[in-house]
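We just call them A, B, C, D, E and F in the order they show up, numbering each chain from 1.
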Amino acid sequence: MKKIEAIIKPHKLDEVKEALHAVGVAGLTAYEVKGFGRQKGHTEIYRGAEYTVDFVPKLKIEIVVDDDLAPKVEDAIIEAARSGKIGDGKVFTYDCEGAVRIRTGERGPDAL
Amino acid sequence: MDLQITLDTLWVLIAGMLVFFMNLGFALVESGFARAKNTVNIISKNFVVFAIASIAFFVVGWGLMYGDGNGFLGLSGLFMLGGADNSPAVGDAYQGVYSALSWTGVPLMAKFFFQLVFAATAATIVSGAVAERIKYASFIAFSFVLVAFIYPIVGHWIWGGGWLALLGFWDFAGSTVVHSTGAWAALAGVLVLGPRIGKYGKNGKVNAIPGHNMTSAMTGAFILWLGWSGFNPGSTMAADPGAISHIVVTTSMAAAAGALVATAVAWKLLGKPDIGMTINGALGGLVGITAGCAFVSVGSSLVIGAIAGALIVFGVLLLDKLKLDDPVGALAVHGMGGIFGTLAVGLFAQDVIAPGTTGDGLFFGGGAGLLGAQAIGVLAVGAAVFAVSLAAWLLIKVTMGVRVSAEEELEGLDIGEHGNRAYPDFVQTETVA
Amino acid sequence: MDLQITLDTLWVLIAGMLVFFMNLGFALVESGFARAKNTVNIISKNFVVFAIASIAFFVVGWGLMYGDGNGFLGLSGLFMLGGADNSPAVGDAYQGVYSALSWTGVPLMAKFFFQLVFAATAATIVSGAVAERIKYASFIAFSFVLVAFIYPIVGHWIWGGGWLALLGFWDFAGSTVVHSTGAWAALAGVLVLGPRIGKYGKNGKVNAIPGHNMTSAMTGAFILWLGWSGFNPGSTMAADPGAISHIVVTTSMAAAAGALVATAVAWKLLGKPDIGMTINGALGGLVGITAGCAFVSVGSSLVIGAIAGALIVFGVLLLDKLKLDDPVGALAVHGMGGIFGTLAVGLFAQDVIAPGTTGDGLFFGGGAGLLGAQAIGVLAVGAAVFAVSLAAWLLIKVTMGVRVSAEEELEGLDIGEHGNRAYPDFVQTETVA
Amino acid sequence: MDLQITLDTLWVLIAGMLVFFMNLGFALVESGFARAKNTVNIISKNFVVFAIASIAFFVVGWGLMYGDGNGFLGLSGLFMLGGADNSPAVGDAYQGVYSALSWTGVPLMAKFFFQLVFAATAATIVSGAVAERIKYASFIAFSFVLVAFIYPIVGHWIWGGGWLALLGFWDFAGSTVVHSTGAWAALAGVLVLGPRIGKYGKNGKVNAIPGHNMTSAMTGAFILWLGWSGFNPGSTMAADPGAISHIVVTTSMAAAAGALVATAVAWKLLGKPDIGMTINGALGGLVGITAGCAFVSVGSSLVIGAIAGALIVFGVLLLDKLKLDDPVGALAVHGMGGIFGTLAVGLFAQDVIAPGTTGDGLFFGGGAGLLGAQAIGVLAVGAAVFAVSLAAWLLIKVTMGVRVSAEEELEGLDIGEHGNRAYPDFVQTETVA
Amino acid sequence: MKKIEAIIKPHKLDEVKEALHAVGVAGLTAYEVKGFGRQKGHTEIYRGAEYTVDFVPKLKIEIVVDDDLAPKVEDAIIEAARSGKIGDGKVFTYDCEGAVRIRTGERGPDAL
Amino acid sequence: MKKIEAIIKPHKLDEVKEALHAVGVAGLTAYEVKGFGRQKGHTEIYRGAEYTVDFVPKLKIEIVVDDDLAPKVEDAIIEAARSGKIGDGKVFTYDCEGAVRIRTGERGPDAL
């Protein structure tokens, strides 16, 4: 199995979720992260003192899928998450050695 | 005599302080009903709007509203309370250019303070409806125009001894003068601004954009409820024990009925007792009783509050159908509530309650005359305020621009407009609505 | 004369507004001491409970409490203030069916408003103790019963000229009438509901369930403190300069002593100055001085507040030992504080302070007579309110059910009962306690 | 006569309640401007400080301030209001040892309550400036010293009929007595404590440490604004219709001007309208008008507020340059604002406004005499309060220690000092400033 | 070494932590996530407008362990986190190539 | 490519970020986590009831880098994040099979 991690712009979550649905992804996990990269943060002021916030709010999603589904998932994310602007994010792929569904104990792809 | 002046002054000032406190109520309801990323902008708007109103009303608004003049606007003592005035002298003893308020025996400064906090209220109403997309500077500009010119002029028609007063139009504490005026000005702004990004989906879907802090909203609602016990009974501008006691009760009862009925209707209609509706319902009841609080019985106040409460729920849903995006429900609460409340005087007024004022309304055998006058006032004020406000908003749009950029709106106005964040220590999330 | 009526009315109404404001204080303390996932439910309860109380007390509660009748309940002018009444006439000049309040020269509506806000307070006390597990509808039902029947009837015994008043029982502003009553009704609810899931671990371990917002709790506490300067001195129902000045000071001093002693005791006992205890201590001091604020010296008020403050800390710990799960400490503050405060009158009262009322208490050479009467009142009210409330809660349990499902409780009542969330823009976490 | 006493008492008590409410305002502004991890500590400080002040002022502060004595401190009726006093008798009819307040015809308890809430204000001002690093116990100790000794003694000089009063120094509601005093005491604390970790980077870089809750800060600011309509007009300690109406207006106008000018200056200077500056500006305007509210015209109040508003912005920036770390801006608002406001009396006072008091100030042809007296008062009070406070802080430092450990400061004082967290249900983040 | 990631119901954390303790796990890292899967979210209303929240609050825990401890850890989590109801979550296993303890610089299993 | 995950003390983020900059890291992702390990939590009280919070607030950062850069990154983090006190945290290394830049579709090291 493969684990696909994508870092996207927060307001893209809905579109990405639907795109993943379309390619048959049954589940995923998401959480808020702060990203640092080419997309620069912004300057803030607080009672006179200026400061720059380098980190940009991003959303990270993780999906574990069967090997052959992996490329489709990658592409689905890339398409749905792309705005063409700096900061659209990344998609990373990793190998996943095992998966278990806690409720049933099912293992491997059946657990997904 | 002298002591009566002292009593009246104490009451007017304390009532005025309660109305001033409503600024906090509005700030909390409006920011609580908006997203965290726009909080600084909303509370900034609500904070400076009172300051702006103070200057605008001092410089010219007061004079236009209460200066002697014709049926349409004040023409004497226009600037900075500059006119002659020997308050607290009353009636024939009064010598000055602000005769419209010569019936109340309190010092000029007490009259000014009490009228100022009312003027500011009209502006705060606008703040909520245009929230989450308006430029800070543009809001400030409009607020000045509203409090310096629009509000005082229509106010003159009704409370300044103008043509509507002569016509027999009654609005005791301002369902029309303050609340409808604020709502009409807000409606124009909403039309010029358009809805927030993402509020209305394809094929007419109405998306929810949940407010970020229900604790704030509830706090604001209680503060408004408290403030209204200055707003309505204070409008006697005299410490008349019978009248203020009666008004305190009619006001609170209408709020109670509004809250309960709105909750029940929402529960039935939406399946759950949505707190947003409970809060809007209470406020609707308060706005609804504002015009009639001194003229109707306690029983009638319950009925008026109840109807207003139901009205607000349907109003909120209707406005969304019409794609009029009002993040806080100000149009329903202050607009519909204000109109209904003004007309309700024509229906529920009883001569016995405030003899020699409204006379009896339709439901109490007084015929449709009063109702007619009320209707004329509603239409006249609505048309005038809406038209002028629309012009003002459009002028602002072409000159300084009225709406922030889409990127800024998505990122939040706090950083874009103010370079601040309201809650930097907390991890935030985009509600997927 | 006339001006005195105006003065008394102003004072009663303003004090009543301050007491009304206490609804916000309770809402913030109670929601602040509960978890974020139950916030909408708690603030909804606290918001509608005043509306419910308004209807209940208007429809029948007022009549049962202040209508002329026998020693146990009012029987005339029962419904909707319908009875004859020529207030503000007083004493012999008074003609009407609400003679129990004929000593105060204010309009009927002022009397009603002031008594209504007190009645509502009793109901808000219940709200906190039953929080985080009670069904919204069931709470509404009980609140109606409490304010329409239970509170007014025991209230009649003491403030309605009933048997306890004749017995020489003194409760100036309601340590028993309002606070203990609320606490006894809450205790019955707590027993019927049972503790929140996870509150009591195996082998008697008491788990902490931290409140989600100490800023809310502190804000609420200050608002309550402020409100109490209407609650206690307003209970003169007359603008008597000496009395109200004295009461303002005894009230505030007791709160100060309560806060400090509770903080110190908690610091010693738990190793750290727990803010929850500081807040509960101040409230305990306020409840404790409520019965005696007009009868005891400033020095005594410090002692009463100090004892109450210590009592509350031990009370909170004791109630947890007894597995009586009260998320906000209402049973300790209003129950124990109310009982102690009522008895304290029997100990600290001094005839010189309010001549011709309580006479001297035990510590000032007045003997145990007063203390005895106070004890009887405490027991009678406790027994009656607890028994009837228990019956009411059980009836509600069998008819509409009283507690939400375990899943709903775990997920939070906001979504289950209201379909809302209080803070949707913030990432939340389950405190692992 | 009698009724006048009642009126005056009502006004003084209600005004006192509004000033009491300012404690909540300070607690919210100060905690909102600090980090989430220190919230429990700050609100605890602000909550108990009023309790401490109540005891300190009751036990000895009142006597030192208002007891008859010499030009420097009170010497009679020192302890627990123990002195003879036949208030509300006034003038020659007055017999007692608190003659400095014999001009106001209200009961002793009303005088005490009103003066107590003022004394407590001075202590709350300190709380904010020393926040986020001070030990809880050490703050409590200093607060006691301040309210028991420092504040009452300088207060005696000005309001207790002491040497500055005789010199012709005027401070109507306490720009110097309350606000500067609090600020000078705070400055000493800031120097002894040193800045928060990370506030000042290498090569003089000033790091921002953003406050955690702008909603709290705004709420607090509005509450303070409201409280000031008790603080200033209440200082008449008599229900004089003309005076209190005038003061209500000058006070509110100065706040409005302060808020607007501070916003504008910040906008120009920093590129954006920083809400922190808007809030500090309004408070600066309020502090600035406090000394002169009864002596200057409404027009002058606008000018005073405007200057104060600008001053606060530069003040905040300057203090950071000087590495004086004040998390909430108390030194600028209460210190600079208080000094300016006191001097402003010497510039803007007009005899016509409060005949027979200040006479005319420099700008109104009165010459520099008044200004000179004002300057002497500013310097004398500043020197005395700063010196004694510094000694007190150093004593506390060597005895009990004044600052928490670096680890505790990094982890937050809530856990270290109180074992509590303010917002346990929310995921928090360290703002990287 | 293996990295074990588990997505569980938030209120199960305590039990899982104790179970891990029992099998000798010395450390772990946890954070809040939102999960999407078979367990459906719920409908909410806001001032009249209904909307569905598809995501369910979950807790994610990560444990890096020695290879031979991995199966025990898996089983311990599965047992402690199981309620039998939909949404109990998953356990995923990955390979971990290196670990360092920052404080001491220790590498490999000793770093855990 | 390698994925490097580091768990550090929150207030070390700035120093770590600068150290990574120095070795040429262009981007990273960070988020708040709670850690359990040798560093013990603390006791809290709430209205009389004591309870221990075992979890310590930590910050987790993730960086995907080219294989040869990985060791430098590891060392940079270790150095910058070290205070020598218990709880300094860990650095874990994993293999990353693929990376895509959503905006451009670039793959592999170029995506970083």
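Rule of thumb we're sticking to: contacts are C-beta pairs under 8 Å (C-beta built on N, C-alpha and C of every residue); 3 or more make two chains touch, one makes a residue touch a chain.
What you see is a predicted model, and the numbers here were worked out from it, not measured in a lab.
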| item | value |
| --- | --- |
| Repeat of interface A-B, chosen from C-F, D-F or A-D - more than half of residue-number contact pairs shared | D-F |
| Of D-F and B-C, whichever chain pair has more C-beta contact pairs | B-C |
| Whole-Å gap separating chain B and chain F, where each centre is the average of the chain's CA atoms | 52 |
| CA centroid of chain C to CA centroid of chain E, Å | 46 |
| Chain A-chain E separation of Cα centroids, rounded to whole Å | 18 |
| Touching two or more other chains - residue numbers and ranges from chain A | 31-32, 44-46, 54-55, 94-95 |
| Residues within chain D bordering two or more other chains | 3, 7, 10, 14, 210-211, 213, 219, 270-272, 274, 276, 419-421, 423, 426-430, 432 |
| Touch-based graph of the chains, sorted into line, ring, star, complete or other | other |
| Touching pairs - complete list by chain label | A-B, A-D, A-E, A-F, B-C, B-D, B-E, C-D, C-E, C-F, D-F, E-F |
| Of all residues in chain B, those that touch chain C in their complex | 3-4, 7, 10-11, 14, 18, 35-37, 210-215, 218-219, 221-223, 225-226, 229, 233, 239-242, 244-246, 248-249, 252-253, 255-257, 259-260, 263, 270-276, 278-279, 282, 298-299, 302, 423, 426-431 |
| Residues on chain C engaged by chain F in the complex (per definition of touch) | 33, 206-211, 266, 270-272, 274, 276-277, 280, 313, 316-317, 320, 329, 432-433 |
| Chain C - residues contacting chain E, complex | 410, 415, 419-421, 427-430, 432 |
| Chain C residues within the chain B interface of the complex | 3, 5-10, 13-14, 16-17, 20-21, 23-24, 27-28, 31, 39-40, 43-44, 46-48, 50-52, 54-55, 58, 80-81, 88, 106-110, 112-113, 116, 136, 213, 216, 219, 417-427 |
| Residue ranges of chain E in contact with chain B within the complex | 44-51, 53-55 |
